[in-house]
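There are two complexes below, and they share subunit A, which is joined by subunit B in the first and by subunit C in the second.
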Partner chain A sequence: MSAYVTSVLAVIGINVMLAVSLNMITGFCGQFSLGHAAFYGAGAYGAAFFAAAGSSVPLSLLVGIVVASLLGLIVGFASLRLRHDFLAVTTIGVSFLFVGFVRKQSWLGAEMGISKIPPSGLGPEGNTLLIVACAVVAIALSLYISRSWMGFGFRAVGDDEDTARTVGIPVARYKLVAFTLGTGIAGLAGGLYSYFTQFIVPDSFGFIVSVALMAMVVIGGTGSTLGVVAAAIILTLLPEMFRFVNEYRLLIFGGLLVLAMRFAPDGLAGLGRAIVTKVRGS
Partner chain B sequence: MTSALQVDAVAIRFGGVQAVAGVSCSIARGDLVGLIGPNGAGKTTLLKIIAGLLAPDAGRVIIAGMDVTNLPTELRVRKGLAITHQVVRPFRSMSVLDNVMLAAGHRVTANPFVALLRYRRDTEEARAREILESIGLVGEEHKSVMALPLGRLKRLEVARALAVDPVLILLDEPLAGLNQREAAQQADVIAAINAKGITTVLIEHNLAEVMRVSRRLLVLDQGRIIADGTPHDVMTDARVREAYLGKAQDDAAA
Partner chain C sequence: MYYVDLAFNGLVFGCTYALMAVGLTLVYGLLRILHIAHAAVYAFGAYIAVIVANGTGSIVLGVATAMVAAVLLGTAIYRLLYQPLLNYPPYVPMIASIGLLVFMEDGFRIAFGEQGLTFVRNPYPTELHEFLGLTVNTVQIAIIVAATVCLILLAAFITRTRIGIGWRATVSDPRIAESFGVDAIKVRYLNFAIGSALAALGGALVGLLNNFVEPTMGFVVSYKALAIIVVGGLGNLQGTLIASLALGLVESYGTIFVGHFLDRDAIAFLFLIAVLIARPQGLAGMKVA
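== the complex of A and B ==
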């Protein structure tokens, strides 16, 4: 594998993990979050800080997961008191707060970020393999959850919280589980990113990244694991394949988002289902 | 014997409106009680307080001898309570069968981690199909709830409430919006549910059907109980005629 292919695959793997984990929170459980990059960043910084201090790779990655999911748990508690649009605004705030906080912390390298992250020892191909393996596990977990009774409960909470309570579902616990699980996976993606680049800066985890991740979820089809995976791969590859796309990346993501909302509110997953129904019908 | 439901001096105020003003009543096990009263009397508010969807300013709610005033709705459901909403609220992304199956799996979904480890749905599906059959919703299991007419959605509400295996069921206007035939059928279904030993509280504006199936009537007006007795006694009560039927005559005149 060329160095270029290895690195593109790693970025795809990380974006797939992020999009799939955001889909657990927003797609499965109906909690609209525009701050997912903050959890990704918390994981990246947590892992990078420990790695730079000499921790082993598994321990650093574990720290990334724990830091991100603790932050996720806190935001999850906020979600218990807030309804949809207020939660979206709150998570936007979390996104800005995270970058604003990290920029001012000298122990986290402030504006310059953390640059002395030691190599994982796996080599570039080994790193990519680990990332892709984690992405596959995240996809498998997401597919399993959506078919389990927990996924069934998440859907009920996402549909109508009061009705979910009347069939005995502890709504608060489900929301906290969704946030902790989803942000924990984002934290793992962050830790893997730190080892992959060996250099992180605050701006890699800004609001724009959160919006791009939400675009992947919506364009893929909110709630559909495979649709979201497809969208994450396509939206990561587009700027790589066409140089002009990279220059107009935000414009194109935004345009696709608007088009999806207007013509395919169920995203790629919805389009896929429509095509299957049509083919079977004819 | 402890009563199935006891409401003790329950009150709630919304801004300047005293929606429920110190209501106390006790519902015996196995009874079928109609809760009636003019619009805005506080019936739905009282039901939401009993269900734990609203927290009262004062008073206690006791289900089967246990004070549940501070318990969230989902724990009251585990104590045997089920409710239906006045305005139908199905899980919109699910099929008819899934709506009922989810409720039938209430013991599994009660803990997210138990729910995570469970994949099979066969027992719950069988139970859901059984309930759908008993309630007359056969042949529509796989339809999206969005495709159902109101009459069917009203039945689905009752089916979903039954699926949590209640000992006490609170029905908020299950006949509203139904034509005469549908309303009579739905009232028969409710009487059949009660005949199985499930204590039933029925909030309803359809007086003919409430009188037909209830054994006891409670009349709520301006947040207070103004009459309590057999349907016949209550409907001949002067205060009830004034508060309830008087308003109905005004409406007819308008």
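== the complex of A and C ==
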């Protein structure tokens, strides 16, 4: 593999993990989180801080997961008290708060970020393999949850919280589990990102990243694991394949979001289902 | 005097937030949509103002054109984007709105450049006046006067005129309002027209104050305005006004007291989260359930 392919694959793997984990919170459980980049960032900073202090690779990654999922648990508690729209606004706030906080912390490198992250010792190809393996595990976990009893519970909460409560589904517990699990995976993605780039700055985890991740979920089809994976891969490759796309990246992301919501609110998965029904029907 | 200066600055910012947030809270009250692209209307207003003012030499003409153009843009956003999406769950128009904001901002960057635009002849920010021991500039006075006049006119309009009362009736119960002969469609257009004009006015005035208009100027303000309308109780006008001024003051003092560990833009959300933890239904309570 050339160095270029290795790095593109790594970025795809990280984005797939982030999109799939956001889909667990938003797609399965119906909790609109527009602050996913903050958890990704928390994981990246947690892992980078420990790695720079000399801890081993597995320990740093574990720290990233724990930091992100603790933050996720806190936001999960907020989701117990707040209705949909309020939660969306609050998670936007989490995104801004995270960047605003990290920017001013001299022990986290402030604006300059953390740059002395030691190499993982796996080499570029080893890093990519590890990332892709983690992404595959995340996809498998997502597919498994989707079919399990817990996934059924998540969907019930997402469809209609009050009805779910009346039929005895522990709504609060499921919401907290969805947040902790989803943000934990985002934290792992963050830790892997730290080792991949060996250099992180606050702006890599800003609100626009949260929006891009939400774009992957809704363009893929909220709740559909494979649709979301496809969208994450396409939206990551698009700027790589066409140079002009990179210059107009945000214009195209924004435009795609508008068009997807306006004409295909169920995303790629919805389009796929429509085609299947049509073929079978004729 | 330092603290009084801070308070005055806070009020000026609070007024610009109010101009922006009023439209947002009205849209939410009427349609239950978080109209995040309102920030694009705000930046659009600033751009039109700077372009027309530089072309004709008249800043007043620039601001007026901006407001008229924003009315067209705002109603077009409603007609082309939100109206077809009204029957979908609320996240669909919200995500579309975020998409539109990102799209328009990048559009401004591509069309007018990353560095932004400045007013060629804009003497007002440096025109200083002594006022009760405060030193204030003309644009700051204009912001406070414009916000006060517009909001008083708006309050008079929605409490004294027939169509204004119909508007409030539609916000509290669209079906019953309609059965009493209120034209719900007309009310929606009116809502977007007025809200967008006020946002454009706010954007143009902030552009004049900083003598600088840049593509991302609406971005942070839009999220602050979201925080404001949540804190004010979504759809509640008085609450929004109070929350706007309160946020202006909190930010102004906050940069002094907590500025060393949190940047200015994050303070708004700390304020939001603190209020929501204490009162999940917002400061003024939910008048519009």
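Heads up, the rule we're going with is that the second predicted complex is superposed on the first by the 282 of 282 C-alpha atoms of A that agree within 3 Å, B and C clash if a C-alpha of one lies under 4 Å from a C-alpha of the other, contacts with A are read in each partner's own complex, and residues count from 1 in each chain.
Here is the rule we go by: contacts are C-beta pairs under 8 Å (C-beta built on N, C-alpha and C of every residue); 3 or more make two chains touch, one makes a residue touch a chain.
Fair warning: this is a prediction, and the values are worked out from it, not measured in the lab.
When both complexes are overlaid on subunit A, subunit B and subunit C end up sitting side by side without clashing. Contacts of A:Ala133 after superposition: neither subunit B nor subunit C is touched. Once the two complexes are laid over each other on the shared chain, residue contacts for A:Val177 go to subunit B alone; subunit C is not touched. When the shared chain is aligned, subunit C comes close enough to touch A:Leu97, but subunit B does not. Touch criterion met: A:Arg262 reaches subunit C, while subunit B stays clear of it.
Within the superposed three-chain model, A:Met112 lies out of touch with both subunit B and subunit C [touch as defined at top]. When the two complexes are superposed, the chain touching more residues of subunit A, out of subunit B and subunit C, is C. Across the overlaid complexes, the C-alpha centre of subunit A sees subunit B and subunit C at an angle of 80°, to the nearest 10. Contacts of A:Ser148 after superposition: subunit B is touched, whereas subunit C is not reached. Using the contact criterion defined above for the overlaid structures, shared-chain residue A:Asp160 touches subunit B, although it does not reach subunit C. Between subunit B and subunit C, the minimal CA-CA distance in the chain A superposition rounds to 12 Å.
Across the complex, subunit A is touched by residues 51-53, 72-74, 77-78, 82-83, 85, 89-94, 98, 102-103, 105-119, 121, 160-161, 163-164 of subunit B.
Looking at the complex, you find that subunit C touches subunit A at residues 28, 32, 34, 81, 84-85, 88, 90-96, 98-107, 110, 220, 223, 226-227, 230, 234, 260-263, 265-270, 272-273, 276-277, 280. Across the complex, subunit B is touched by residues 144-145, 147-150, 152-153, 155-156, 158-160, 162-174, 177, 223 of subunit A.
Residue ranges of subunit A in contact with subunit C, taken from their complex: 32, 34, 78, 81-82, 84-86, 88-90, 92-94, 96-97, 99-101, 103-105, 207-208, 211, 214-215, 218, 248-251, 253-258, 260-262, 265.
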